[in-house]
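Following this message is one structure expressed as structure tokens.
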């Protein structure tokens, strides 16, 4: 499929064409992403709230839908404080680095087969490399604050990032082995060619990637750098206002980035679930159904709102949203070319959202690891298992290529061997027994 | 034309920040400028069709070695260093000698620029880069590769041993 | 197209800056960083020639140089930490005793 | 590869620096539960010694007691352990009654038991939520507060206050129970069992929770006795000591309940003990609410309370441990000397022994497991 932006090509001056089109794509990705990130924060607050028998933001806009914008404005208007004794140049640089590292990686993510900013031969290496630069934002931010808690948080964070990057790298290697290319688009195409998402043949690698991704983004249960009960707010304790919002943006963008990497590598990127099963073709009407449901939801909740005049704007806004969703749904249903064009992006985003929901769910569920436990988990468990998985994945590939065994079957042999190793490793740690000594009078 | 402009911009960036690396008092600033130098070099590698090396440069050099430097800077308390004289006593002589070296090198390269009458390679000669490197590395340079891995192991053990508190 | 000698010039400049750094600075950390600069200048040369000769060997060598640089940095910084712990300084010209 | 070394240094980070450093936790710290200040002597991140510095919330409650009449002082005790005001009131009222030689009528004793057990559950719920929050689990806090809210609603309906209830009077109760009191307590008990299961689902077998609490802050039975700790901490170390059983007060001798004890005396055992205590409290509540006798709610103690000269020590099993009141009367309407033995204050002594050899992150968990309330520690 051709890039939709190529339609514009004839209208652009020839000299600028190689610059303008990518710039336009970058602009779309950047703006879209900023919006997505802002609403991930909203979604996190809402989902956590509902998990915790609360309502979450409800005041700004209907169901708090304008809350992210209000928060952004508030942070922009706040006073910009630089602590005394801070290295102001680095203090300024660090959050910028953090955001830059998170956003640059998206240039290489194939959102759909017709929508990728650029596809390079070493795509995956670049994404990993660039996203690993985010560590500078953390270390430098913690160091330049000239305060103890940020410095401790930064050091913890850096150690954590560096160690989990190893496990992450090994998890990525098995996807590379299967696809035989570093190009992000090539990896997805390999999954289409094999007719199976790599998560189904390399579940252990996917799991390791997931856990390492949580650790890389400093999320619960690995959120030690920001452990509120110990280190106040970690490396960004001294940050406020716009700089803080940059960190915030960077952190959530990094979440989206690792989710995108995971989706591209293991969940078939832009393909819809079970693409090889023709009888599921009707799934392509999923966007229609989704937007229709959104419209329905808006209308139902508009009905439930109080009739009082001060609620009028909220009701109108909700109705407007519902109307927009309805128009989109009808539009998609009526214009099959449009529906086909958005399939890739739609499924990609749906999968990313599923992944992000996992992050949020974890945050609502788990306590926090202690630092030494985190390190032990990383070095004594994750990395050995990841190495074993890479090895056995190679063995499986040899069985498949040289002996002509079934593709999935030979890889599953490798996976089972890996699980055996994991069990052996886990057996070394004692398992807890939740019992009391005894009861009675 | 685009490539030439690109080259000059990146080269200027690399040289200027390299100069900052050796002149800044605060080692953290030095690290940042070194990162900028390394980054512009990585971009030059891309222009030289060495994408794999560019990626390795970013992951290993910038994401690994420089982080290590930052770590060490934070471990050793460097408040004093920023207040001490940054240069040693023989810096005039050393600087002069180095400048002479620079002049020599530049002169040699400039006068000898036409000597290598080798053909400029076609733009796609080194593609696909990763595969080529992989094949060459594991076929022609397998032994050096293994030796390098042993070297890394030794370095790792050595570093851990030295940094460990007795 | 950028002529190869441009790259060589840049490489020479970086190399010299690195040499100046090694020769004139007192802080061992910065000396180590200057060494990294020198190694990178070499890498640039290797890759530029690899491009000119369309032979991937130059890149392989650059890869090995990076490997060695990693090992060097690790060992160098390890020594530095040990040094700092025993001597409480990381100035090259103050570390002039053979026995600590 | 270079990265391997990087993290090696990262692990070492904390060990490098100076040999021993002093870290001040608090009095303004998110997880010291108020204004406790702990001075930690650290070797790297490992705690070598600790010192509690208290008194930031000292209000001289005991001295105030000498200048108030007996009934006037009753509201003050609500402000010691302000998350278990009902229990404090019970201890004080019973102490004064003992001094007077009076006894509350059966109905009053039953209602006192019910309210006190509700208070125990509320206090444990608060502890569970904040303890889990300290260790990083945010959700249990909201769940426990949902149930605590139910209890506070019952309190509010009964006496008009939610926190500093001042629910009892010397000699019995001030208020008769409101209509539907029994049903509401029963309704609470009906759901509450499932709710405890919910908390357990989130925490008990959660690997991270177990790793963060198992073998953390261990205190052996001998040390626990030597330090005079009481309540769930003592029972967590395996001593079956509960004043409700050992020296029954209120109406506790009328009900069947078990005393859960732990095995290892670590944070995890104390967690299990407290959860089981909530279940047992529910058991007591169900029995008590079924059998509230009819009758008067206030014994005849006279309008002016003027105990005969003498002294008395009376202790009850408050949610946090043994809460004792020592009162010396000189025959006037005001106590000559009043001394409160607050469980948190005594239990806090064990902190030093518990934190030794643990990491700073564990200190947070251990402060949480001791379940202190600074209002009671500092009085």
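Per-chain numbering from 1; labels A, B, C and D assigned in written order.
We take it that a residue touches a chain if its C-beta (ideal position, glycine included) is under 8 Å from a C-beta of that chain, and two chains touch if they have at least 3 such contacts.
Just so it is clear, the structure is predicted and the values come from calculations on it, not from any experiment.
Ranking all chains by how far their C-alpha centres lie from the centre of chain C, first place goes to D. When the interfaces B-C and A-B are ranked by how many C-beta pairs touch across them, B-C comes first. Work out the mean CA point of chain B and of chain C, and you get 6 Å between them. Measuring from the averaged C-alpha position of chain A to that of chain C gives a distance of 37 Å. Note on chain placement: the centre of chain B and the centre of chain D lie 62 Å apart, centres being C-alpha means.
Distance between chain centres (mean CA atoms), chain A to chain B: 32 Å. Of all residues in chain B, those touching 2 or more other chains are 52, 56, 60, 63-65, 67-68, 71-72, 74-75, 129, 152, 155-156, 159-160, 163, 165, listed in ascending order.
The residues of chain A that reach two or more other chains are 155, 158, 162, 165, listed in rising order.
Residues of chain C found to touch two or more other chains are 67, 70-71, 73-74, 77-78, 81, 85. Across the complex, chain A meets chain B through its residues 87, 89-90, 93, 120-122, 125-126, 128-130, 132-133, 135-136, 139-140, 143-144, 151, 154-155, 158, 162, 165, 182. The part of chain D that touches chain A in the complex is made up of residues 3-4, 6-7, 9-11, 13, 30-31, 45, 132-139, 141-143, 146, 202-212, 214, 238, 245, 258-263, 268-269, 272-273, 276, 359-362, 364. Of all residues in chain A, those touching chain D in their complex are 48, 51-54, 155-156, 158-160, 162-163, 165-166, 220-221, 223-224, 227-230, 232, 363-373, 375, 379, 432, 434-441. Contact residues on chain B toward chain A in their complex (touch as defined above): 26, 28-29, 32, 35, 51-52, 54-56, 58-59, 62-64, 67, 70-71, 74, 127-130. Residues 3-4, 7, 11, 14-15, 18-19, 21-22, 27, 30-31, 34, 37-38, 41, 44-45, 47-50, 52-53, 56-57, 60-61, 64-65, 68-69, 72-73, 75-76, 78, 81, 84-91, 94-95, 97-99, 101-102, 105-106, 109-110, 112-113, 116, 118, 120-122, 125-126, 129, 132-133, 136-137, 140-141, 144, 148, 151-152, 154-156, 158-163, 165 of chain B touch chain C in their complex.
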